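Data first, discussion second: the structure below is written as structure tokens.
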Amino acid sequence: MTKIDSIPDAELVSLARRYQAVRDLTERLARPLSPEDQTIQSMADVSPTKWHRAHTTWFFETFLCPKLPSYEPFHPSFGYLFNSYYETVGPRHARPERGLLSRPSVSEITTYRRYVDEAMDRLIQTGLEQTTASLVELGIHHEQQHQELILMDIKHVLWTNPLRPSYFDSPATSPSSAPAPIEFIEQPGGLVEIGHQGSGFAFDNESPRHRVYIEPFAIADRTVTCREWLDFIADDGYQRPELWLSDGWRHVQQMNLTCPLYWSLIDGEWTIFTLAGPRKIDSGEPVCHVSYFEADAFARWAGARLPTEFEWEHAARGCPVSGQLLDLQVLHPRPAGDSSGPRGLYGDVWEWTSSAYLPYPGFRPGSGAVGEYNGKFMNAQQVLRGGCCATPLDHVRRTYRNFFPASASWAFSGVRLAADR
Amino acid sequence: MTKIDSIPDAELVSLARRYQAVRDLTERLARPLSPEDQTIQSMADVSPTKWHRAHTTWFFETFLCPKLPSYEPFHPSFGYLFNSYYETVGPRHARPERGLLSRPSVSEITTYRRYVDEAMDRLIQTGLEQTTASLVELGIHHEQQHQELILMDIKHVLWTNPLRPSYFDSPATSPSSAPAPIEFIEQPGGLVEIGHQGSGFAFDNESPRHRVYIEPFAIADRTVTCREWLDFIADDGYQRPELWLSDGWRHVQQMNLTCPLYWSLIDGEWTIFTLAGPRKIDSGEPVCHVSYFEADAFARWAGARLPTEFEWEHAARGCPVSGQLLDLQVLHPRPAGDSSGPRGLYGDVWEWTSSAYLPYPGFRPGSGAVGEYNGKFMNAQQVLRGGCCATPLDHVRRTYRNFFPASASWAFSGVRLAADR
Amino acid sequence: MTKIDSIPDAELVSLARRYQAVRDLTERLARPLSPEDQTIQSMADVSPTKWHRAHTTWFFETFLCPKLPSYEPFHPSFGYLFNSYYETVGPRHARPERGLLSRPSVSEITTYRRYVDEAMDRLIQTGLEQTTASLVELGIHHEQQHQELILMDIKHVLWTNPLRPSYFDSPATSPSSAPAPIEFIEQPGGLVEIGHQGSGFAFDNESPRHRVYIEPFAIADRTVTCREWLDFIADDGYQRPELWLSDGWRHVQQMNLTCPLYWSLIDGEWTIFTLAGPRKIDSGEPVCHVSYFEADAFARWAGARLPTEFEWEHAARGCPVSGQLLDLQVLHPRPAGDSSGPRGLYGDVWEWTSSAYLPYPGFRPGSGAVGEYNGKFMNAQQVLRGGCCATPLDHVRRTYRNFFPASASWAFSGVRLAADR
Amino acid sequence: MTKIDSIPDAELVSLARRYQAVRDLTERLARPLSPEDQTIQSMADVSPTKWHRAHTTWFFETFLCPKLPSYEPFHPSFGYLFNSYYETVGPRHARPERGLLSRPSVSEITTYRRYVDEAMDRLIQTGLEQTTASLVELGIHHEQQHQELILMDIKHVLWTNPLRPSYFDSPATSPSSAPAPIEFIEQPGGLVEIGHQGSGFAFDNESPRHRVYIEPFAIADRTVTCREWLDFIADDGYQRPELWLSDGWRHVQQMNLTCPLYWSLIDGEWTIFTLAGPRKIDSGEPVCHVSYFEADAFARWAGARLPTEFEWEHAARGCPVSGQLLDLQVLHPRPAGDSSGPRGLYGDVWEWTSSAYLPYPGFRPGSGAVGEYNGKFMNAQQVLRGGCCATPLDHVRRTYRNFFPASASWAFSGVRLAADR
């Protein structure tokens, strides 16, 4: 085979460097966690830290290492244990039982990661065809998704413990001052283009780029704060069925919800649980860990609505992809500043949209097993946009589509309002 | 108040006549059913026939009879027993327990219906303001929806009985000949108008009329037949996860699905349960009682996809609203004829679309309690279009949006394919 | 075959008469119930009235009618539909789905009963061998058990209905005066004989008669009243875990129990639901519809305990089998009179004992399918003794062992205390 | 207070030595287990090793350390986290969530144990009244129970892992030769004494000693082997409902049972999972990890029955308390030798009896919170006798009553047959 399909050396170097950087960051994120911490699964949706560390490694081992002629799998059972949901690849360990595995140990998984890293290093050194390089790229972005999941999941694990332990010590921050009232930014709408274009990386679910007709609308310049959420609570927001979708109201009643996840009313004072442990609520910061049902009910209460994902993407045109993302290492949303125009579109909290997670017209899933990456989940989920304080900076894009079921609230998810015009 | 807002006498006469006709039809549909039959609830989604007869009456009694100055409710507990889901109106009997009520008896409910009919007759005789007339209209269309539900639900009730009893005796039909292969009709798409317009009745969820941009596509000229579904089964359609949405595959495995609801393989021969009892499958007739998950998997297997609700509505422009609907009293889908152009758009089977059930831009629910009619269900359901063999003829419209969860299959639901162009 | 094994003609006549009387009584008990009433199953433990009427018929049809040379089963599916739990006989309809059958109708079951009665009449006329006569006898006693179950079950069915309808109109009774305080009757114990003896009918679980050593004890002269139960409630009996078995406390918390089944506190007044509908509690009448867990907790609270079934049987020696049983048609426990000695041992309420339901030493189940009648249930149930207000008079015996799981309370079950000496 | 109630110094020394020995053994048992291993809870019945280590410590800290004037609890939340079921002591962490706690870490629990050991050392040094010494004694026996539970539970934890890891390396043993056929040893029965007597330690549930009348019976000289169980399987033992209690048959069907827990048929060969990992079955060794339901069904299949706990205790009179117990460190049952007379009564496997776990006549639970130790569990469980290969040698007695629900099989439980005479 000639090298005609291979990617240039400079790109190889860049890819190898990015591979290593992402792999290292995962290890840094896991470092504060003991073997016991890394083993717990607090609910079926949550995976243990050590599982995330192994599964992201399995992705490279399964889809890339076999391209090395002499590659020997690290362990005959890891294909079974660390396959997440790839039916094409074979059977796998049941998701709700990921927390029942004391072995392999945390240190064996460290060894596993090194073993695969070494193989990947060899693979990249030998030069890569374009499709192989694309799979490496996909694996890198896949691992970045799991970096956010490690933080989301361990937050839930620690919260489940009555001791309410912390993941890290964050520097104390002074309470923020109340931000200016929400302003709605007018948007003329029209026939606009939606979806990924260009040569940069994007997931298959962001394509193809296509046209959508949007009616005139307005979008809030910032996300909803805890202060505003306290007003919703005080106005009996969680007790008024007329504010809620029918499924949402059932959810509120079954779970006895009276406030967002990680909030507690202790001796008359609202406390919030963060990755740095519990502390008093900061009323100026964005509300976080609300479900779609809560976001939707809040919007109805506020006389507004949630934006569609198309409105969000359109409104974000021209805004730089920057904000309070994982690289700032705060791991909690921070108050919006007071500049004018849309603020906090990226980082802080994922923003629920009113759009169901569906394929774009002409959508084609990736070929082979990675075709299961996104497409098969396009059912009964809602799209979120913009990334959060646990999203790696170079992972998010304007066209990026995150998705969760309407009842989920353990992601760093918040609310930006929109309105008809 | 002057009579300036009141509707003209001719309209009053027409309304009274339609009220009576719809009320009579409900009773005719219930007539073949014994008191025992009318009492059973075979699953939480199903309601007993006598409940449907009472609930449709409750709708008029609750929203209209109080406009009569001296109206006395028929029974102090019926407001509780027969409220379906109107939080605004008050508490109600739990849905999964509707089949635990032997009282009121079937004959008491007949009395209840007459009592309310008499009051409604008086109300209409006295003249109606426009908003009141609209509520009567809504009540009529509401009862028509329950006419279809009575048939869907009793089919499930009878099927649940190992005796497999029948609802009625239908004349024997000769097996149909195989229809011509599906042809795809090209549609140029573009910026089209979607939703209800004009002065006729429509539910709030069909408004407002708005523009949607549609890419070029093609739509099948007829729905999928049992013959084609047998091919899907023979090709291991129910055993191949790559054909299914992730939630759909879980559903198939949990329920051990191997064929559509109401199909049985008995001594090597496929039998189908109909409202006239079990009989051999007629391979030329439209497949019916498939879930969205099944419809979606079939489409993927066929190398096609489901249409969006916008594509369906657009493709149906210019087609007359006629077909094999409830008035033909067959109560089972019949094979499409062989004329050219789209066939069977109305009647036979509801057609699953790939569209999630969401509000149209600028949607406003009806005011008051009837605002709960549609809007609060706009979550985690899929839209179906076109009506079925159990839908009253004057009930369905091109813009009519039916909706069910993706796993539901006890509606008369089938599949029309579409394709990208 | 000679007639040497056959039973005498006089016994035949008696058997035929008793057969008919029992069959008639079942029909009289069902008569107040509409077709809808007879179809409902309010929980898995409850069976519809029409099922009881059919199942008792099935017992004769299955175990006896085939002895008639030319007997044709009434319906090919009734063996499946009305087998309760006889694995030996074949598969059967799932118990929790008995309330999903509108067909066969109530009137078809009346026809079924007549059909089998006629066959049984022919069978008995032709003369019976002893083993066949014993099976008829067993079928008669089996039907008597179901007479009580019909009343227990329909009470639960009617209670489940928010309308709280009644089964019959009972004559109003004046509230009873408070009975004298409980007296404990001393019993010396010793090595006593337990179990059935003699030639009369008894179930297999009452045999063999055997010796049991009983320590000296004392037994209450009457059962616990509602007044005494109100004291238990007032003393936080349902809130104090130290009074309860561990499983009982879990049951109390899961079910949020604060009083016996069928009690309601309405506007500060205790109301009780009876087969004649709701009425004020009569504090002098025996408490009824308490579970073993409740009975045991009450006894602990009272500084006493429940008797073993051996103590009960021993203490009842010499007491005539009479009391407030089904033949008095009150269908609710009545206050004990004030005579001295043990009162109310038979009738009113079944009395929970502290004995687990286990085989007597040397127990042999009946042979053939009826061996499944009792033995296979000897696990995780408690024995009750003495019959209740819904038990046929000629059905109960001193050695009769009834049994229910510790959490069950829909039987007419009450409490008699005992104490160590 | 004079020292008149205090225990003599020699007893103090002995108590202190035994305290230390038992505490040390717990730590030795946990030593092979990693922090991850010690954190897992594989089902609600199982507790993590670190929980056992903490809970046994909590027992001393809660019931004894407060007798030291200046004792400060180790951690304010450990009372909540490590209370098992003592309602009197206060609220506690939910049992099924014990595996969700990564903190306190395994090493913190080591520190906790040392902290309490030091306090206990001081307490014992200062001299103890009799009641306090009895509580220390109870705490020691309590910890011995948990030593067995640690082994039972970790076996289930490791089995749940598809890697099937081992707890320890046991020396390879050569397969045993088939033992001689079971012989039944005749027992005349009569009025015998049952229960604890004398001054040695016993749990409250072994008292009071009382008389029981036993009919003549026979008891097997050894327990049932794997070979005999294979015969049961081969004779369709798991497919024949007539062999099973009704609840047992439901259990078999719900769990799809076809063999004992920890057995697997791999490539046609029966494999058994032991604490030393999987290996071929040794057909001569006692069958282990069968439920009461299985034991009862096997006995019925064998034409025998299980002994009552009274028969067992009576038959064991005069037999020395010795056998294959924890001190031999095999941690798996071994074949019975071929000596005559009853063999293997102690050790190897706990032997299911047909006796429900009920209070002895005149039973009084211990006073105070430890009254919850046994009495409140006397419901819906079966008694087992004789100890097993994981029971500490000086923990078991002839009168010792172990108990588990009929469906439990993760204890080292086996079968000894009995028969009527």
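Some observations on this one:
So that you can tell them apart, the chains are marked A, B, C and D in the order they are listed, and the count of residues begins at 1 in each.
Operating definition for what follows: a contact is a pair of C-beta atoms (placed from the backbone, for glycine too) under 8 Å apart; a residue touches a chain by one contact, two chains touch by 3 or more.
Given the structure is predicted, the values throughout are model-derived calculations rather than measurements.
The chain with its CA mean position farthest from that of chain C is A. Centres computed as Cα averages put chain B at a distance of 47 Å from chain C. Inter-chain centre distance (chain A to chain C, centres taken as mean C-alpha positions): 60 Å.
Multi-chain contact residues of chain B (touching two or more other chains): none found. Contacts between chains close into a ring here, every chain touching precisely two others.
For chain B in complex with chain C, the touching residues are 34-40, 42, 77, 80-81, 93, 97, 99-106, 157-158, 160-163, 165. Chain B meets chain A in the complex at residues 85, 87-88, 191, 210-215, 217, 241-242, 244-249, 354-356, 358-359, 361-362, 371-372, 376-380, 406, 420.
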